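Report on one structure; see the data block that follows.
The first chain written gets the first letter, and so on, giving A, B, C and D; residue counts start at 1 in each chain.
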Amino acid sequence: MSHAASVHSLWTLAAAEAPKKIPAPHIEYAQLSPTLIVLGAAVLGVLVEAFLPRRARYHAQLLLTVVGLAAAFAAVVALAAGGYGSDKAHVAAMGAVAVDGPALFLQGIVLLVGLVAAFTFAERRLEPAANGRPVDSFAAQAATVPGGDAERKAVMAGLATTEVFPVMLFAVGGMLVFPAANDLLTLFVALEVFSLPLYVLCALARRQRLLSQESAVKYFLLGAFSSAFLLFGVALLYGYAGTVTYSGIAEVVGGTTRTVDPALAGTMGNDALLLIGGALVLMGLLFKVGAVPFHMWTPDVYQGAPTPVTGFMAAATKVAAFGALLRLLYVVLPGLRWDWRPVMWAVAIVTMLVGAIVAVTQTDVKRLLAYSSIAHAGFILAGVIATTPDGISSVLFYLGAYSFVTLGAFAVVTLVRDAGGEATHLTQWAGLGRRSPLVAAVFAVFLLAFAGIPLTSGFAGKFAVFKAAAQGGAAPLVIVGVLSSAIAAFFYIRVIVLMFFSEPRTEGPTVAVPSPLTSTAIAVGVAVTVLLGVAPQYFLDLAGQAGTFVR
Amino acid sequence: MENLIGLLVLVPLLGAGVLLCGGRRLDSSAPWIGTLLAALSFVIGAVLFAGMLGRDGEDRELGTTVFSWVPVGDFRADVGFQLDQLSMTFVLLITGVGSLIHLYSIGYMAHDERRRRFFGYLNLFLAAMLLLVVADNYLLLYVGWEGVGLASYLLIGFWQHKPSAATAAKKAFLVNRVGDVGLSIAIMLMFTTFGTFAFGPVLEGADRAGEGKLTAIGLVLLLAACGKSAQVPLQSWLGDAMEGPTPVSALIHAATMVTAGVYLITRSGAIFDGAPDAQTAVVTVGAVTLLFGAIVGCAKDDIKKALAGSTMSQIGYMILAAGLGPIGYAFAIMHLVTHGFFKAGLFLGAGSVMHGMNDEVDMRRYGGLRSYMPVTFVTFGLGYLAIIGFPGLSGFFSKDKIIEAAFAKGGTEGWILGGTALLGAAITAYYMTRVMILTFFGEKRWQPDAAGEPPHPHESPRTMTVPMIVLAFGSVFAGGLFSLNDAFLNWLEPVTGHAEGHSPVTAVQVTAATMVVLFVGVALAWAQYGRAPVPVTAPRGNVLVRAARRDLLQDDVNHIVLVRGGEHLTRSLVYLDHTVVDGVVNGTAASVGGLSGRMRRLQNGFARSYAVSMFGGAAVLVAATLLMRAV
Amino acid sequence: MSFPLLTATAAVPALGAVATAAVPAARRTAAKWLALAFSLATLLLAAVQLVRFDPEAKGPFQLTESHAWIADFGVRYELGVDGIAVVLIALTALLVPFIVLAGWHDADPLETKSTRWRPTQGFFALILMVEAMVVIAFEATDVFLFYIFFEAMLIPMYFLIGGFGDRAGERPEAETATQRSYAAVKFLLYNLVGGLIMLAAVIGLYAVTAHQLGTGTFSLTEIVQARANGELEFATTTERALFLGFFFAFAVKAPLWPLHTWLPNAMGEATAPVAVLITAVVDKVGTFAMLRFCLQLFPEASKWATPVILVLSLISILYGALLAVGQRDIKRLIAYASISHFGFIVLGIFAMTTQGQGGATLYMVNHGISTAALMLVAGFLISRRRSRLIADYGGVQKVAPVLAGTFLVGGLATLSLPGLAPFVSEFLVLVGTFSRYPAVGVIATVGIVLAALYVLVLYQRTMTGPVKEAVRGMPDLRVRELVVVAPLIALLLFLGIYPKPLTQMIDPAVEHTMSQVEKGDPQPDVRVNDVEAAK
Amino acid sequence: MNPVNYLYLAALLFTIGAAGVLIRRNAIVIFMCIELMLNACNLAFVTFSRMHGNLDGQIIAFFTMVVAAAEVVIGLAIIVTIFRSRHSASVDDAGLLKL
């Protein structure tokens, strides 16, 4: 076991002191400020909903969201600059939340993604104005029955669900805590905090509301189902170790715990508790990252949810969930890596292959991107499995690169529309390159990044994770990864062929001219994609410095 | 002096360049430019010859390296020239006959709108042929070798609008390419054996190399010679090559290019001397071809094709002689030169006849032309007498020597070869007499041409008759001149060496035998064609005749084995490429697609089945984790 | 710091691409001239490279540039050229202006109704983009840097193939479009799969160097040096696996049988200038990389794999030639001929003799020029009749003699007629192969007969015979077309007669490569000096 | 009584809940089954808390209840919305998104 402990210390820093048994509450507000700012803004948003007149709400909410997210991001930067990402990394809030490199890095990404996603949420030029008022892509009034009188009235009244902004802020708040959670309870609570708003957001599409609602139901039921598993896993781990703090469990697993009372000695002997508990918690997280076989919600939800939400969800959820997964595997279960690595190998391989293969026959852009996200989850898992510092930093880098490509891609999807709203069927995209070369070219850039073509961020990310995997002794994973990349390339290219080399259909969709909001979102996506592709060193450095977990 | 050698090649090359790139404005002057440059190269050749005569036998060889051509590692190919007596002989023959034929072409091609190109190609041919004979290494020789092939290709197919001409040209090039493979391999073998392929070191070092290597080199050189010199089994192209304009047939496919194989073998004498097996192969090829060509020549009604068969046969004699080693080299070359004269003359005569007969080539539609075309008749007749070996004329001296040398080979081999050569002489007399009678004697069997125009035979213009007359002089006197004091033998000896064989029969006996078979041949032909009227359409004939008309079925064999087989092969490969090679890839893609379609159905839209998948996944995850621990 | 010549050579066409793409839709002609100007500027820089390059100098690479780039991946921006690279860069820079000129009207829009759709600008920008990437791939001495551009060049190439094709003749436009996109996708997927497998090997290489040297590196010079010092030693299986990963990608690109089927489709559907770009420029990166990376990084594995590769290249030579004979489509025929030629190149490389590798390098140049000549003239022909089928032609020689003449010269170069450039290289390859593997050399020599067959059959069926009705009135080569073809033919003649300037450049680099593989040339049985001594 | 028995009970309840999710069609019932699973977790927490003699598990149980309540709020809202649109609470009827 001492061997395991020494390996363990490779990627964790010892906390300054072990938490006491019943400590007096002590909260480091400054270090938790990113989360607090976002949640505060969310609460303010609720108040705005309650007290501001309808006309003013949109602008107030948008301002509040942007300011809140920007301020939180500034706080993250300040914390990182203050050394909390490296030498001052420690566990705050009574051992509940870690403030360390990976946490700050991922929080930064989540905040940026949230900020950019907020722009797409706020886009009001794509939908035709209702009753003279510009409207966004969210239901006029979510509670109304689709196709009913109430809905029609709500639309005529030009109502808008401005609640999406605070709801999104809540989700971001949860996502900030999720990768930083340093005990299992916080993990669970954070999971619910970001999941529940997402369920709601999924149901809020303005067009095709039946699909939207269906996706919400599915997401909700399956999400709740999975979190029940996660919670049961937490219970078992608690039963095994007598504690839910990561460090505590890690010590018990690693056999370095100092005081062993008789009860603990009893449960410690029962490895089944540990293994089953660990597996169930893992499953809960794999559900969120969309790994096979827990992926089946992904295509349905991605397709049904309003596209801005899909973009946000696809990017941010993945970042947060992989952050939590990394922390769990590297901080809590490193002593068990001989048990979980083979299993994770299998999951990664299956995920890469299934994602890539099933995507081949998809006919809907959003579903296609959903399967693509599954395949990418597999690639990232390959980096997660490396169990080296390089593995951590490569995953961090990949997440950063991937999330902006995803956001940008879904933002482009919002632009291609016909009378029925967004035209997501692939046949409708035929000849897009002829009619709107710029939009098609931008989408092509995103697709190429997904495909991992050099000089895009996708390549740098893929190279980073595969490199880490190879160095971590997972060469077969690299081979499978490469093969599934080849399969994946096929369907990305299919879309490009469709856009550029097919004759445009006469009654095909048009490309709406977006406001600067969406344009900014897309531009940021392209910029990050190219920047991280051509000159990734700075960000690799950043990820490398952030690659150490605190314990 | 050395620099002149380069000039020799450069002058006609320049002509080719100027004429081919010159554009329309040169159209009218082209024939004269071409002829002038050919004559100029002849003058240069003559100057060189004079210079050579001015030196002693051993010092006559000139050599010069112009520049380093392909230097890669140990592989050093230079552009360098070597002019010795052997090369000189060829230079004079090529430029001399070449100039005459240029001159002839002025008249012959006077009405062809593309004559600028024609003369360009002819000049190109001269340049390549000269390069072939003055190169000082095998690789440069190879350049000339392929260069004449190219010129031959272009000229055979000169009337490209005729599909038959285009096909014949392609065939000639392809068959020659097969021979070229031999030459390439020979050069490679030389490089691996000697580390070089320059004549000097290779030939000097030949005796130090193993016999196996030499035999291999010899055999592939023979392959090369077979291709270029239309020897069995690569002879099939020569008959078809008669699709080209007649001056081309005279120059390239009778006098010069087709003898390149003889040059190659003679030049590589040192190699063959060390490889008796290869020599046996050479004489065998020569003997077979001399009969083959002669037999084919008997059956053809097309005057040019009959002459082509004859060319094949005569080159067979030369190859046979060359295969005999030092006994025969000089005679091979001597026959080559005399053959150059009389065969070119015969072809030019044939061209003249065709010129007067609306381009009719079928001898069965000639007859009685002697009075209409007296000059042609006389020159052709002299050529005829020369080729059948009428005493005193060129062919008599050279062919006789070869037959003698064949007997001198000794043993059974000598008897067989000598007998074959004699038999060949008889057949030669037969088919040449046949040509002569059918063309110039008997009644007129003229037929109107395709346009319904009856022929008005007439003598050809001066530009055509002059070369014929000059060549006739050569046909008559060259042989005697060469044999005077063994002049030719002594001239060539420093290069080829000479050895006397031990003939079981005396020279007089051989000559007597030759006379007898000659008489028999002529008599047979006269009996068949001179006495009885000749039908305009050929009778069916027996099996042998029919086979001989079809080049002894060689083309049919080629067609079935190579063409048909090749077509099948390529067609099945195209199919294979499409179905198997591409099919594997497309199949993989399709199976991924199929798998995708099947897996896609798992995503059936029912939340509960998703939950089942999750539950199952969780169960597997837990089980696997536990199992890992258990294992 | 001295002027970064190598970077500039790649940067100029890249800038040109951006500039060309930015030209407004209406100013099509300006875009063409701009592209031509930039390609000529690149040619100038390539010429400067040739002049500045010193064949006698010590050290594997010259004109080197080295900057930090992605330290985390062990990647540096390292450029340098050896004799092989400098010659191939010159070839690339030489061909692109001709490609631009030849494709002058290939991308003119049929109708100018849409102001945003700028195919012309795109076409020329993509060509320049490809040029930039190819040049930098030739210059890269860092494996990763090479890989990036090796892969990235697929994208502009893909758009060139899929986006621009011959104007439809008999076939309906929709069908050609389908065929074209199929060809483009096939091209991309084949090469992408090859590239991705190479990616695995690249990563593996990093893992090995990182493991053994402490820090991972992709620098060719560093790796070669570390191997020489014994600091770096590949386990046998690792080296073989990595070699195969690299070789697979290059064999797809080259292309070697049985990975070749993308080439006929791509070359058939693309316009002739683009087809030239594929086969004469882009594919050369594959064979070049075999020489530079496969042999130098993995000498032991290269020797291990040689028998199989020789067999594959033999099959390519014969198979490509036979299939060329069986083609009914002019461009596909040339494509299969190219496959045959690539077989020769690979054969020469893996014969592991000075002649073989020198010949192979020379072959790359010569094949580039000869195929360019043949293909471009074929393109001119096709643009007149709007059909790629051989059967649609006949008797062209009569109506367009200059076109036919240049076509014939291109064809003769393709069949390696002595006196034209390809002969020298083909013969060197054959000699080089023969001296080590006689049987292989002999079989490969059969290829020259087949080459004659497909070229002459093509020429006969298209150019000779009675003039077909559809061909009557076909104009002869125009001035622009003549300007494209004439220099290429002149070059073919010149390099056939005087290839020494090139062999001088190439020789030291080949010797360096040979020394990496630790193979010497086989020695002859009877040495010339022995003979001379005996005198 | 041995606290381990409570664990067995918890596992049983969890399994019943999970089986219910898989078997039942009505979204509300499924949701109730999920609640059952959460409560099974709670039982496990409390039991372990008792076994280890610390309060963490019991505190977590409270957290869980709060979370469950929040889930109910969201869940019922969503289910009611879709019920009003489709006049059915059967999850099998919601099958527009598939393949």
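General observations
Note that a contact is a pair of C-beta atoms (placed from the backbone, for glycine too) under 8 Å apart; a residue touches a chain by one contact, two chains touch by 3 or more.
Chain labels with UniProt names: A = NADH-quinone oxidoreductase subunit N; B = NADH-quinone oxidoreductase subunit L; C = NADH-quinone oxidoreductase subunit M; D = NADH-quinone oxidoreductase subunit K.
Nothing here was measured: the structure is a model prediction, and the numbers come from that model.
Chains that touch both chain A and chain B: C, D.
The chain pair with the larger count of C-beta pairs in contact, out of A-D and B-C, is B-C.
The most central chain, judged by the distance from its Cα centroid to the centroid of all protein Cα atoms shown, is C. If you average the CA atoms of chain A and of chain D, the two centres end up 25 Å from each other.
Distance between chain B and chain C, defined via averaged C-alpha coordinates, is recorded as 37 Å. In terms of their C-alpha centroids, the spacing between chain B and chain D amounts to 96 Å.
Spacing of chain A relative to chain C, judged by their CA centroids, is 44 angstrom. For chain D, the set of residues that touch two or more other chains comprises 18, 21, 30, 91, 94-98.
Chain contacts: chain B has residues 589, 600, 603, 605, 607, 611 touching two or more partner chains. In chain A, the residues touching two or more other chains are 217-218, 221, 225, 229, 299-300, 490. The chain pairs satisfying the stated touch condition come to A-B, A-C, A-D, B-C, B-D.
Contact residues of chain D toward chain B in the complex are 18, 21-23, 25, 30, 91-92, 94-99. By the touch criterion given at the top, residues 20, 67-75, 79, 139, 142-143, 145-147, 150, 153, 157, 160-163, 165-167, 169-170, 173-174, 177-178, 180-181, 184-185, 187-189, 191-196, 201, 204-205, 208-210, 213, 566, 569-571, 573-574, 577, 581-582, 584-585, 589 of chain B touch chain C in their complex. Against chain C, the residues of chain A that register as touching in their complex are 393, 434-438, 448, 451-455, 459-460, 462-464, 466-467, 470-471, 475, 478-479, 481-483, 485-486, 489-490, 493-494, 496-497, 500-503, 535-537, 540-541, 544. Those residues of chain B whose C-beta lies close enough to touch chain D in the complex are 600-601, 603-608, 611-612, 615. The touching residues of chain C, counted against chain A in their complex, run 68-73, 114, 116-118, 147-149, 151-152, 154-155, 158-159, 162-163, 174, 177, 180-181, 184-185, 188-189, 192-193, 196-197, 199-200, 203-204, 206-207, 210-211, 216.
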